[in-house]
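In what follows, structures are represented as structure tokens.
In the two assemblies presented below, subunit A is common to both, partnered first by subunit B and then by subunit C.
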Partner chain A sequence: MELYNQLKSDVRFIEGLKSCMNCGVCTAICPAAEFFDYDPRVLMSVIQSKDNTQIEELLKSDTIWNCGQCMSCKTRCPRGNCPGLIISVLRKLSQEMGYFTESKKGRQQYAIVKAIGKTMLEHGYCVYPEIVVPAAHPEQGPVWEWVFNNKEAVYDRLGANLAMEGAGTLRKIATKNLAEIKAIFDQTGGTELFETIENFSRKKAKGMGMMKEDGKMDNYTEGLMNG
Partner chain B sequence: MNNKKNTADWGKYQKEIADDNYYYARSCIRQNFFPGSERTFLKILTQELGKTIYDDQNHTSCTGIGYHTDIVPFETSQTVVARQFSLVGDAGLENMAVSCVTSFGLYNEIVETWKEFPETEAKARENLKKATGREFQIPKNIAHTSDIIYKFREEIWNKRKYSLTNSLTGKPLKIVDHIGCHYAKVFPEKGVGGAEFPKVLSGMVKSWGGEIVDYPERRHCCGFGFRQYLVKANRGYSLSNTKKKLESMAPFQPDAIVANCPGCAMFMDKWQYVLSQMEGKTYGEAKLGIPVLTYEEMAGLVLGYNPWDMGLQMHQVDCEPLLKKMGYDYDPQAKYIGVDGKQIGLKTPVVML
Partner chain C sequence: MNTQKTIVTIGAGIAGIESSVALSKLGYRVILVEKDKTIGGKINNYYHLFPNNRPAVDIKNYMDEQCRIHDLTIYKNTEINKVQKKGERFSVTTSNDDILKADALLVATGFEYFNGMQKEEYGYKIYDNVITSIDLEEKLRSGKQITTAQGKEPKRIAFVHCVGSRDEKSGNHYCSRLCCITGVKQAMELNSRFPNSLVYCFYIDLRMYSMEYESLYRSAQEKFGIQFIRGKVSEVSENKEGTLQIKAEDTLSGRPLRMEMDLVVLLVGMVPGQGTEKMKSVAALESNSHGFLESNDWQLHKNSSSQPGIFLTGACNGPMSIDETMEHARSAAFEVHTYLQNHSKHE
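Let's look at the complex of A and B:
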């Protein structure tokens, strides 16, 4: 199927691109356009061209990974389009086709699966104190380092229920609940997407000579995180 | 001037917020960085306002961070959210109180998608049934937790111990309000005041004696950007966004920032530290940084709660100068003391610089 038609099969594409007149208001309000070489107006124009070659180029580029998903474009578009939503559809297709490994920023998806995907399935939430390691998060500063090094006492002081059974902040999520979430991921393509990202990433790491004989690709992952 | 038309237009920016009987949906980020805010919210609702709110141990992430970093398919997020709706039903409730702004945005996106494309709702029902055996009803009311505090702001004011004023000058504290992007930028009708005139936080500030700072970059994103913060190599984006806001608000010399999104509150706090380290620039009138509060903490201060019960010691920018401005009665020696009465850790952390 032509790439444009594949994009169109996602309801978010229908919702996010009604009829763009290329006025550029989205670019004017876009924070990513301020700080990156990124222009959602041009992106919408490329998509509306329906040109397979241009869309493929886009899916293989850093461009689609620059959006910060703030959705400010949605508020301002005089036609009710939402380039930020179109980005989600482009990223989905880029991952399904394996095109994401062709760009430096696209390859970062592997590191995100390893961090957020894993935490979500193991702890039931996307973030958990133990993954915000101060060495990897110097921006969190000395107060967070104090919290991190004294997790039990600090969270206890604040009434949390860290890693314990029952209700409350940062509690341990019961096995039956984690099993339900995993079953949903299996049923709805969540697990498959993790595997797709992993498989294409392993292939890329191998191609880049960044996979060790034992199959480990720590240098590849570290390179993604640190740029 | 046609006043009648203006009044009618304003009506579009109002929203219905349930009065009682809530299901509490916790936040991935708020739990980690502002655990005291979650506790404070529950305390205000149950002890001050006499409301019923259910804290469900079966609740999980909505997948929002995974969804916006594109590692979680939309169909998966819809089904996880459908499971949460099922949990609301299990609790015999119809109203959700959502702590996270990204979750709030995602619930709205999903419910609106289901209205627009009924086949997606049917698919979510089928997926949920197959995966978990569950069924669900869409909750009658989905409010962000800041909506609920906004709704009861006058009741909170009536129980006040403090107002948002400088106790020495008697003047209102100058507060910057920062609304998380996903609160109303996608669905303006879902937020109090919409995306153009959001008053969910400014309404609280005004009711509690403070003054709102209207500065050029007031509606600019904090810069979380999901993958832009989570991947270390991209973090400059996140920092640059917050710096732009801080530079824009600095001439107005705000006393504090208040945010309804847990991520925004965390970033605007932590990036001030980074800017002080990287550029030697410290914001705030006294060059001590601008304290960043969650709205739960701001409400708790009005009610006179112990700041260390609310977790103000977890902020990188020191909140004590703000407490002193307010003439707050608190114990600075108790800041790093644990429940056992002992100092937590070998040494106290360095705040701000």
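Let's look at the complex of A and C:
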């Protein structure tokens, strides 16, 4: 009940779950449910039960990190619920409480902060070529590896303006604009959330014996995406 | 004394006819107004009736016979354009500009089928092999051979329950009550025509609210091998060959499914009829949150509307089966009778 009340205090919860009759239409439309051991209907049932133990299990599980936030569930639910929004609420609470470090997919939050979080603040882009390192992204295949190794020439040939002043795709974002992005993160709690995720992750890495004496946690980071 | 009193009944479906016949038996003068060129309303659309497989034409013949025996006055192709109350009497203007005087009005304007096209994800009128339960009933009734759009015998058939019912997305929060049993009846009908076919019913909850309905459901499983899968269908798509692919979750095993079908039948729900909609404005009748005409008293006076002297009968009041409609119609007649008797006492 305690965790349920915490979830309920999030404004997205009101839109996300009114009452569920277990028709399964969300699972039937869910792309993630086709590939993973993931069932948004069951998730809604657990939340609806208000059972603290089960909700805690969810917050510590891989389950809540399977959703791709496509929100197809919203378009179908005959009760006007949106499991995708409930996922957002669960993820936020899992991050705030540090429960995300209890599951493998949850621990990937750290890698996301370090990769996408970093490029957002440093370059003004979510996904930036330099972070999609072929060794960490085998799914991108040999073509990407070639592009990555020849990126200056390739982007130039394609008419992009990679990391350069002036207009164009992937151009360098002005310092004052980057400062604005940072200010938005500071004001909206984004910076604090990044710090929270980092602190819990460092604690976990230490607990797992994956932190070196100099405070580096390369083993922890490498293990997150692969293996 | 009764013979001086006149009742105008709006709608000559089974509710309107049965209540008018009952009032006629009680000695009243009844005028039936029907918007269509034929009487009987929706009964004309059905083949066999649940739960006993009785031909619907039996009911139609009974209605015709009763109208003849009691010599009911019926205005066909006629709608009601205006209702005015002058003192205790009503003045009703028809679409032919006739003015009918009445001591009481009986509204029997019925229901309409949910328009399957509104649930675009099921592909009705987009994919040729998606039909509604009403289309199927018409095919059965006409006696024509049932095939897929490609002219083949359907081998795999899916019934989709709750199309336009229990669905906030269609604006219909209520259960239409009769689609479940219609699905069971039609699934058995198709399986007996095509004994080698596999018939599936995709449902949220099966609402077999009569003793006989539950028996039929059991027969469907035991004698016809109909497969009931608990899960709402999320969408239908078409394969190159014109067969259909449907997606649902088997919620009892917690597994998402994709299945190929030759024919998909949408069990469309019941919504207020056009005439019912019109009565809300013409006679200032209140409707409930679902759009059906509101009873003045749900438990004690189901047939009374929000206006004194105007009574409700049949599916204008909410989804109901044929047997329930017949009872509702007779109780309406009695309510009208009681009202008119009390009024003559006070006059």
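What to note about this one:
Here is the rule we go by: the second predicted complex is superposed on the first by the 224 of 227 C-alpha atoms of A that agree within 3 Å, B and C clash if a C-alpha of one lies under 4 Å from a C-alpha of the other, contacts with A are read in each partner's own complex, and residues count from 1 in each chain.
FYI, a residue touches a chain if its C-beta (ideal position, glycine included) is under 8 Å from a C-beta of that chain, and two chains touch if they have at least 3 such contacts.
If you're wondering where the values come from, they're calculated on a predicted model, not measured in any experiment.
Contacts of A:21 after superposition on the shared chain: subunit C is touched, whereas subunit B is not. Using the contact criterion defined above for the overlaid structures, shared-chain residue A:190 touches subunit B, although it does not reach subunit C.
When the two complexes are overlaid, the chain among subunit B and subunit C that reaches more residues of subunit A is B.
Contacts of A:79 after superposition: subunit C is touched, whereas subunit B is not reached. In the superposed pair of complexes, A:169 makes contact with subunit B only, with no contact to subunit C.
Within the superposed three-chain model, A:39 lies in touch with subunit C and out of touch with subunit B [touch as defined at top]. Note: residues 34 of subunit A belong to the subunit B contact set and to the subunit C contact set alike, using the contact criterion stated above.
Residues 21-30, 33-34, 39, 41-42, 76-80 of subunit A are the ones touching subunit C in the complex. Here subunit C touches subunit A in the complex through residues 121, 162, 166-169, 204-205, 230-235, 247-251, 254, 256-257, going by the rule given at the top. Contact residues of subunit B toward subunit A in the complex are 26, 28-29, 31-32, 35-36, 38-39, 55-58, 60-61, 63-66, 68-76, 78-80, 83, 105, 113, 116-117, 120, 127-128, 130-132, 134, 181-182, 185-186, 188, 195, 219-221, 223-228, 230-237, 239-241, 244, 270-271, 273-274, 308-309, 311, 313-316, 336-340, 344-345, 348-351. Contact residues of subunit A toward subunit B in the complex are 10-12, 15, 31-32, 34-36, 65, 68-72, 74-75, 82, 88, 91-92, 95, 105, 108-109, 111-113, 115-117, 120, 124-129, 132, 136, 139-147, 149-150, 153-160, 165-171, 173-174, 177-178, 180-181, 183-190, 193-194, 197, 224-227.
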